[in-house]
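Below, subunit A partners subunit B and then partners subunit C, in two separate complexes.
Entry: the complex of A and B
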């Protein structure tokens, strides 16, 4: 695909939903590195997808809404609110009861299916080179561990604040190593925070150029929260 | 009037909810503490955090794992030599806290857990500290980095 060509919407959606082949993904990452508009688009799509999945996590039982509507119009708001509280409270009580079933049952419920990939995010917010080396060592050790034990895994390295220097072209002491790791592990993504990029621009007048293949998201902190809501493990290094 | 009554109803209901939540305290907790630094001050503070955490939740209500890797193994190296640190670790162990050590680090730094680390047996060794922390979180453990 040449530079002038646009990715189709379908392609970008498949990228966001992680449905591309490794080759296609590499193409997308290569373009994301220097295409601000594409970055924004991906960012927006991710946000929508995450909001949708978040919203569906907490859909109330249908009983709540029907009982609230059935109450007629006159004093509907107050009573409906009261009822919603009762229903919600009862729901909460039942949920609470459910969580008190014997321990072994809970364990069985929590244990992930064998094919479930491990999902791990590393949060990097500090930029001294010694520390960044430790970060890469730890990420690489983990990737190796999952490979050796034949576990599927998705790993995201999210940088913000000083941690962004890990991924800045011309500044990162480990550009080559990162490129090698990206090639070696398809399921490893390096992520940069747009807020930090903008702050660097405003405060230092620097145009932050990122290493190839780095994905930009709106906010590092927001991404961390989204990922945790999606069941990702958090590791601060 | 109806509005007033329903307001009263609502506040009573929500107060009831609050009371119930408070009476239940923190319930059962599963927590993983992540240790990968070697400065004594942070490590001592971490031991203090863990003790306070147990005090707040009750030792019978908590499944607590301290996972060490990289420089973090210094905690048990110190406990091997320094009686004050040893007391702290021993005290937490008596309350059921598990101290888990990363096998990668043992290998990489050529540390002999039998002689270099305080009160560590084979059962305390995990293949990878970071993978262990990720795994624990997938099993419902909360993550704390002191």
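Entry: the complex of A and C
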């Protein structure tokens, strides 16, 4: 393929998927250096590929997950057959006692295979340094607990009002600790309220600078409500 | 016949097949967007694979072999239902769920809805390549089509997805203005 020829769309896709021969790949790289359009095409195709992959990283578990290979694969049938077997096999006096046994067996069978992460939000609205230390201690203890028990968890620390001082650069007494925690725990997010930032600016004339990695949301209260609607546990410290 | 050896081999095959369940389920879900149906298809695939495990000569071909059984189960299922239901005409409905509030989850649902709108052949190719990371050659073997067909389906699927998702871009950008990360 000479320089004047356009690459076919299949060729560009094959480049994105690393399906080209070394010679073809070299041609593509040579062209990428000065072809803006081609660069954009490759970029867009990679984005589509990543989105498809992302969309199915966590798929919903079936309502009744089958944990072992069996010829009959309808859960309801399997459960009914299991119950019938238990009831038929036992009998008489034992029938009364058996009511717990099949119940437990069914619960174990229908328990979801893929666990959802625990979702916890801490709401901080006071800026007392001792209080802020307690907040960080509690958050860190919780993160350690989830790590030790190998549970997935997402934790958000939402600050508004006086609590915003926890995340303000030059003001927070625990800036280094927060940065260390951010590095140590990927699923921990510190969130600042935009309304509070604006209020500080209006009332005190201060431009609030935040610590690196802090997420700003429109309203702390609105974020708390959104998270609660999404099933997050709320803890006010 | 060495019964113990036979039983041992069967158990080993069963364990190996179980390890594939999650990957098969992810692909089955991406084709059907129905958790119960995907689970049924995977179960049927594994049951058939276990039954035919003696026929597999090359153990390295296990992945592609399982996906080809899954593809056959999928086609058989919809061949039976074709008069009643056309899967490609289905659109994913976004029921109001708490997760919908989250922007990440919203993007996930939109991508899934876009994939559900693809033609069946395109959907199968794009999911096997992008989710499972299979090569074009492996996908051609699984779906029993020439490699050129895999390439053209993949190409059409990706450009269709780009267009479908592109329509959503302005809305997503508008929503992003509310939330930003300060470095």
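As a convention for this text, the second predicted complex is superposed on the first by the 123 of 237 C-alpha atoms of A that agree within 3 Å, B and C clash if a C-alpha of one lies under 4 Å from a C-alpha of the other, contacts with A are read in each partner's own complex, and residues count from 1 in each chain.
Quick note on the criterion: contacts are C-beta pairs under 8 Å (C-beta built on N, C-alpha and C of every residue); 3 or more make two chains touch, one makes a residue touch a chain.
What you are looking at is a predicted structure, and each value in this text was computed from that prediction instead of being measured.
Participant: So, does A:236 touch the first partner subunit B, the second partner subunit C, both, or neither?
Facilitator: It touches subunit B, and subunit C stays clear.
Participant: Which partner chains sit in contact with A:226 here, subunit B, subunit C, both or neither? Use first/second/both/neither.
Facilitator: Touch status of A:226: second partner only.
Participant: Applying the document's definition of touch, where does A:175 land relative to subunit B and subunit C: first, second, both, or neither?
Facilitator: neither
Participant: In the overlaid three-chain picture, which partner chain does A:138 touch, first (subunit B) or second (subunit C), both, or neither?
Facilitator: Touch partner of A:138: subunit B, not subunit C.
Participant: Name the contact category of A:14: first (subunit B only), second (subunit C only), both, or neither.
Facilitator: second
Participant: Touching A:146, do we find subunit B (first), subunit C (second), both, or neither?
Facilitator: A:146 contacts subunit B only, not subunit C.
Participant: Taking the superposition on A as described, I'd like to know which of subunit B and subunit C A:118 touches: first, second, both or neither.
Facilitator: So A:118 only meets subunit B here.
Participant: Please work out whether A:217 is in contact with subunit B alone, subunit C alone, both, or neither, and reply first, second, both or neither.
Facilitator: Only subunit C is touched by A:217; subunit B is not.
Participant: More residues of subunit A are touched by which chain, subunit B or subunit C?
Facilitator: C
Participant: Go through subunit A and flag every residue that touches subunit B in one model and subunit C in the other.
Facilitator: 231
Participant: Within their complex, state which residues of subunit C touch subunit A.
Facilitator: Per the touch definition, subunit C meets subunit A at residues 14, 17-18, 25-26, 29-30, 35-36, 38-40, 43-44, 46-47, 50, 98-99, 101-102, 107-108, 111-112, 115, 126-127, 129-131, 135-136, 151-152, 154-155, 158-159, 161-162, 165, 178-183.
Participant: Where on subunit A is subunit B touching in the complex?
Facilitator: 75, 78-79, 81-82, 85-86, 89, 92, 110-112, 118-120, 134, 138, 141-142, 145-146, 149, 231, 233-237
Participant: Which bits of subunit A are touching subunit C when the two form their complex?
Facilitator: 9-10, 13-14, 17, 19, 44-45, 48-49, 51-56, 59-66, 68-71, 73-74, 210, 212-218, 226, 229-231
Participant: Touching subunit A in the complex: which residues of subunit B?
Facilitator: On the subunit B side, the touching residues are 2-3, 6-7, 9-10, 13-14, 16-17, 34, 36, 69-70, 104, 127-128, 130-131, 133-140, 143, 145.
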